[in-house]
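Okay, got some structures for you below.
Both of the next two complexes hold chain A, though its partner changes from chain B to chain C.
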Partner chain A sequence: MAGRYFGQPIRRNEDPALLTGQALFTDDVHLPGMVHVAFLRSDYAHARIRSIDVSRALERPGVIGVYTAEDLGDYWQPGPLLVPPPPVEDIIFHQRTQVPLAKGKVRHVGEPVVMVVAESRYIAEDALEDIFVDYEPLPPVVDIEKALEPDAPLVHEDLGTNLAARVVQRKGDYEAAKAKADVVISRRFYYDHGLAAAMENRGIVAHWDPKMQYMTIWDTTQAPVVIRNGLARMLGLSESQVRVIAPFIGGAFGPKIMMFYPEEVLIPWLSLKLKRPVKWIEDRRENFFATTHERYQVHYAEIALTRDGRILGVKDRFYHDTGAYDPYGLTVPINSQCTLLGPYDIPAYHSEMNVVFTNKTIVTPYRGAGRQHGVFVMERLLDIAAKELGIDRTEIRRRNFIPPDKFPYNNEVIYQDFVPLVYDSGNYEPALELAKKLIDYDRFLKEEQPRLRAEGKHVGLGIVAYVEGTGIGPYEGARVQVETTGKVNVATGVGTQGQSHFTSFAQIVAEQLDVDVRNIRVVTGDTAEFHWGTGTFASRGAVVAGNAIHAAAKKVREKVLQKASEEFGVPPEELELRNGYVYTQDGRSISLADLAVKANPLRGAVKPGTEPGLEATMYFGPERGATASGVHAMIVEVDPELMDVKIRKYVVVHDCGKVINPLVVEGQIHGGVAQGVGNSFYEEIVYNEDGQLLTASFMDYLLPTAMEVPPIEVGHVETPSPWNELGTKGAGEAGAIPTAAAFVQAVEDALADYDLEILEAPLSPNRLFELLKEAKQKKEG
Partner chain B sequence: MKPPAFKYLAPTTVDEAVAYLAEYGYDAKPLAGGQSLIPTMNFRLAQPAVLVDLNRVQELSYIRPAEDGGVLIGAMTRHVQVERSDLVAQRLPLLHETVPFIAHPQIRNRGTYGGSISHADPAAELPAITVAHRGRVQLRSTRGSRWVPAEEFFLGLFTTALEPDEMVVEIALPALPPRTGWAFDEFSRRHGDFALVGVAAAVTLSAQGRVDEVRLVFMGVGDRPMTSAAAPAVLVGQEPSDEALEEAAQRAAQEDIDPFGDVHASAAFRRHLASVLAKRVLTRAVERAQAR
Partner chain C sequence: MSELHTVRVTVNGTVYERQVEARMLLSDFIRHELGLTGTHVGCEHGVCGACTVLFDGEPVRSCLMFAVQADGHEIMTVEGLAPEGEMHPLQEAFHEAHALQCGFCTPGFLMTLKPFVETHPNPTDEEIRKAISGNLCRCTGYQHIIEAVKLAIKKIHHSDAA
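And now, the complex of A and B:
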């Protein structure tokens, strides 16, 4: 299976720099003459701006400029629609994108209103206190269901409604399926996914060099190429005059693929105007309001089954909170709509999505990107069905899994990449069996749980399955070059935010060229090095960029062998590449470095059509994504007095096709599970009825720490994707997707004697207290 | 999240420090471990014009035996020093048991006893423990020095008996009486967070095993450490039976606290937690008293 490099648990190339503090992050960029920006942000969720008085701020020593929307002139434009709506019949979609600085009205707390630039960030922040904005508060839109009532206040008055979109997708005939069903179960579900809270906040440094006529931008973005192209256009520059560097980034998880953030548009503009380097580093407080969230959906879902637990159909109507604007289109709710179907063979599906504008921070994907919501609904429906039908919860899942011989499997609903969601490959039962084995399912339920219950302990098990659509198009590219130094250079357009690209991409190349991974230098996210591509999102790096790199490396391998063949007078098939050398069968050899020198002659003539060097650029654009899958299982212990829940054991069995580096995949899973644990019991975005964010610091928005995240055991199942040569599927989001569904099932199981039915996530001690109280009252009657 | 400009003074003696406080009054704030003050300044919730940094005042950092069998702690003593002090472990087992509940090791390395009680966060451990121990706080200014009993030092939310020109220099904690058991417990959302509710108990039994005295102090459920009146009313003179302890815990949680609700816990849930924790600490304190 594994090659010499591909598939091996190789240590990360990037770690020495990161661990010794040598890696460059955006805030490490210090340039002579650099000035600093701070933003005055709205304190109101919804208000009309009557007037803004900046005169006192302008007088403060050290302040260089103060700008409102009016001062931007024609540069003030609503941002582009990053993701257009999918081609679904009768779709309703209203585009309202964010603006650089609020004009006329503010639509969420934290929306930027005034930009101050000063000699230091301290002075800039002092000046914010000098500004007076006269607001006329308007009633805010907070609750997504009330938002659609006829007399609700409007986020965008000109629309006449808060409905941002409605999409109905169908497969088969649900009503006919329901008519044949033995049982129909319907419930209302609430699922809230929080915010990414990356360790590094956003930041941007723009440096317009008037003598070079060249703009260099360091940006914590997941999509530097797209940022460069867009900014060049907005600023009236040539693309070749703009270099965007996405340096080391301390985590992104989705919100950093959103563009263009107001700050991203304004900082380069300011640098061009002032002819000085300009820096803005988002602080943690701003991050809570100004970087996108994911948040909540409400589902009214129904499942129709036969007596023996076979799913005949699923119907769902749901509401999705998109915040004040919808620049990211429908990616999050489409993911919910599609991923709900999971690994199950569901003949009929009817799903109505309603996307709602609210006076809250914009919603865009955050690790999982709406998949959590769908998985939660489906898994809970199956749990309830299993209980009602008296079928073991793993058995009901097994019975409904898409069998291995049914792939490719067409779900007949349009996915986030605008084509019908077709699963490339999958083999779900072995993953379930392995997860059951690792969590010791049978023994736990038969022996362990009864024994612990007898001791008065409340322990429970949760086990759920999921799929994750990954590796979608359109395309990525890569250039691979063997240098005359013998080192290998790899450049690709995607940005890196901790995914270990410097190692796993190097492994793909090493497998073709047989050079030490440490001698392969990977550059990601610098438009001066590679300027084609779309970005790092949707767990697509290893699939899309990975296969482009693979193709380029293969091409270079051919060139290497061809060149060596010419040198030795031996056919390429008889040559061997090993440890940076090409060997003939009779023991002659030449290093890749020397071959690279020969491939770039400085005098003499070459054959017409010869390309210099040992270099190739290739692109990969999959027709469809690759669908990863897995099973999570956990054991929890609940203290029903303190309402505390401790996760005692956690198991993930994961299938991301071919694994490039198991250490990296496990790291991705661990990180994802940590976020899933946060989403299950700790993290919660709370807005009050005034649209004020009540959880705007780490005192109140509770990220799990090392103490709350349990040790995680990972099992691998490998079902290669037939749709790309490496056979890879994405692994980035899987860890985070089904955690809350498993957690809630486990808590319910632990509290079996209370007869709880939990239809929401996240939970919290306080919420459990309320739920138990309700359950007790119901029992007593 | 940058503070506005301020003047920075770094005295090396208490005399110098109180002289600065006298000079700048309301405009000045002492800086101890900075673990509460610096975040509030970065959020611009506090905007002191002058910081009087106490970190070079060596004479304020000590843990000493007191003649009455208790312990004297200098205001600038770090939480970690208290946590690791053998003297505290021997003489003040309740305090010893409680300190590890304060925040995380990094914060305990910086945060100070004087800073914690001066800040007077109602959810903080040290104010509650100081009250549970019937501690006294010594305040100094250029006008002289005075001792304030802990019960009178904490006046309300982030409010103490400190005058603007005064600072805390020492905390005196008497030892618990003989035949006394102790216990502390709290519930926080995550390891190291400020607790939703915490409770400290000290129970003294008579030679016959009846309850002579009970101290039950809550944190996080009022505007300051809340001392229970109901618990002694229920228990003193009684056998510490499970039912009696349950009744004491229930009544204390009903009568003696004034919990508030926030994003983490409703007032009702805090009250519930208070009764559960009170029962747990009372039970453990009684067991320990019986074992002595």
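And now, the complex of A and C:
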């Protein structure tokens, strides 16, 4: 049930500043004496650096300094491993993390080689032209399967292999399951997930104040606390001497939690050295090369079923492109491995993951974080099975859903949070039924589609299901304080990049303290305000930070009532908190403002053990995540001449447990679907055989516009998480996860006459044309 | 490169005069010379539309112009849409319809849309979509923006009905 604040579509606190151009983004920071950095980046995917000549750059007026790896001395260190490998038996994992500036060898196009600092960015970029790097090109590693052949060139010679990791996970006995199967289906799948392309590029401003002995850093990061702690250690400063502010951030979607980016390590170092504020703002071209991607996997998957469509087991061997380094460990491929299981009761699973180094930009999570790849494989296997067995595609899914009485459901594989993947709760059939109703499934297939086909139109329907493990640990914390104005201050360590935290977190507090949401000031991402926490990722803000805030607000409520009880001589349970006041049953009242003043006496004595103020700090660390789920359905029309695909209708039925703000959740879903639409038909990362990125501009890497993203209808199913008090589950990534699987199914359905089987995503008009040609040839030949 | 040129330009009703290099982008001029950082730069190659400002009343991409080209002209940025402490009906509508998330692209959308909503009392959905098709938003999926446009038009042209 919605509360007075919790669950209401409340308008956002953060909007006025953003709408009037007053919100502070990193590139808006301007400090006296500030200098500007530009990076010379590798033009080669793989090359040895013979020599670097920076002498001409140093002569250019306005240039302050030019630095190569050699100039960094002992500060030059490979970055930390952000996520260690999971505790799986017989795991192979080779750690090779990124370096601040390339030394000896470059391993991907865009890897920084030289840093120039100048009085203006214009001059710094001029000076890049003055630098001469003598490269000896090496054969690049581009294709992930060829990379593992014995004579392949090596990204890291000292390893002797391009295999970064191999993880085998098992549930039950697949071979025994297969032996009992009536049908076994095997296919090779290719799935490429693109790059985040947040509208704001990355940036960092560092200001070392030598007199205060204090470093202030503005950084477009999703994890300011972790950045502060790491930088303090690297720079030899106390954590209390470093303040990292993640101000307003123009979208992030995952790559802004990669750490540490070379620039994040270098800019503060330079400020300390020059004793001047230093700014570096990434440009869009750099963003394509230097901000992390997600990219592709190849799966060889097999499903064993009974005649009536019940899954007996799934086997998968897959290859994952991690790029030149693997600082984010195995999060993305582990998500693929685990999320493949979906909402289905699968008794036996055998999955072998192979992670491969290539001469390409580093791969780290981007909205969905590998889940897309797994969902695509599973949903395609079920589509093919349904066809082969003559079962309706929604019916085969329904038959295999985990029934509601089987939760918590243990998948017996280790998830990205290092514990077995256990679904907390779920109720999948009602979501499927609602999606069918909203897309008008039966009528479309029986009446609409035949009618339109008779008119010569190629229309098709796609409908798929997915689950998403969200809200994982380890923990977040929050401090809630009623100030002497009666307004409430809330501080938490996670960063915000558009998720509406300034409002939804305030709603959680308002529900406990009954204070107008507009009078609750939320601070996120400023280590001077709160310095514990891990960051915004894995759709965990509303679950982990949300529950910490809830716990702190409850504690403050207790304190408020206790203080008022002392004032009035009435037991706390006979008091009522309403609109910023505490009322007694006989009509006396006191404001939160007055109570806050009384809770912080300036003279006199207090009882032993009294804590000042109406303030509490609490933490929340879930043992396991919360499992969100849903069903997406769409109707498409394919133009068989131009191979253009138009999405005519899009339906999302979503279960993210308790909803804090339905307006915000809808926005998250719409935005996720838009990225999913991009991932289905428009966005594609293309490298050529030299390891050159061919799609490094918005003219080549196509983000969907308002002309491509269809109207989206959203339906809700609510299965609260039993593992956190608010009952919330994450909602941030779900919209983007199953879109391409539904899209491909719909396109296949629209082109049913051609007997097409599509085993890849994204598609494009060109690719669709090729696939149709192949299908026609196969049919005729 | 270092030869300087005088640029005299009216921005949001205030006249500014600065000496700049010929190569300085109008977007950099507005943001870093004038300190009006509400105009955002998303791609620097004219695709994303985040840097859109009104140039003599017409939406233009300030990353595709040089500051010297603005000499003698009139510019409006997001800071000029409404007096301080107030909001233009378009800004109000964006707030009410939840048409922004991270808010980075929003100033560009607002400046693209200002002339559109003022001159289109009854646009179709398709016309609205076309009007914003040169602005990229990575957060919202555009649906709430389209709803905000309709709401703004209602406020501006049909306030009796509201």
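Annotations for the structure displayed:
Following the convention adopted for this analysis, the second predicted complex is superposed on the first by the 781 of 781 C-alpha atoms of A that agree within 3 Å, B and C clash if a C-alpha of one lies under 4 Å from a C-alpha of the other, contacts with A are read in each partner's own complex, and residues count from 1 in each chain.
One rule holds in what follows: a residue touches a chain if its C-beta (ideal position, glycine included) is under 8 Å from a C-beta of that chain, and two chains touch if they have at least 3 such contacts.
Not measured: the values here are computed from a predicted model.
After overlaying the two complexes on the shared chain, residue contacts for A:D15 are found with chain C alone; chain B is out of touch.
By the touch criterion defined above, A:H30 lies against chain C but remains apart from chain B after alignment on the C-alpha atoms of chain A.
Note on chain A: of its two partners chain C and chain B, the one contacting more of its residues is C. Judged by the touch definition given at the top, the superposed model places A:P711 against chain C, while chain B stays out of reach.
By the touch criterion defined above, A:R284 reaches both chain B and chain C.
After overlaying the two complexes on the shared chain, residue contacts for A:N766 are found with chain B alone; chain C is out of touch.
Once the two complexes are laid over each other on the shared chain, residue contacts for A:A528 go to neither chain B nor chain C.
By the touch criterion defined above, A:Q499 reaches chain C but does not reach chain B. Contact with chain C, but none with chain B, is seen for A:Q675 once the two complexes are overlaid on the shared chain. In the superposed pair of complexes, A:D126 makes contact with chain B and with chain C alike.
Within chain A, the residues touched by chain B in the first complex and by chain C in the second are 122, 126, 283-284, 697, 699, 705, 707. Residues 1-5, 43-44, 187, 189-194, 196, 263-266, 268-269, 272-273, 276-277 of chain B are the ones touching chain A in the complex. Residues 121-122, 125-126, 129, 283-285, 641-644, 682, 684, 686, 694-695, 697, 699-700, 702, 704-705, 707-708, 764-766, 769-770 of chain A are the ones that touch chain B when the two sit in their complex. Every residue of chain A that touches chain C in the complex is listed here, in rising order: 9, 11-12, 14-16, 18-25, 27-28, 30, 122, 126, 196-201, 248-253, 283-284, 497-500, 663-664, 666-675, 697-699, 703, 705-707, 709, 711-712, 735. Per the touch definition, chain C reaches chain A in the complex via residues 1, 21, 23-24, 31-32, 35-45, 47-48, 50, 77-79, 81-82, 87, 91, 94-96, 98, 100-107, 110, 128-130, 132-146.
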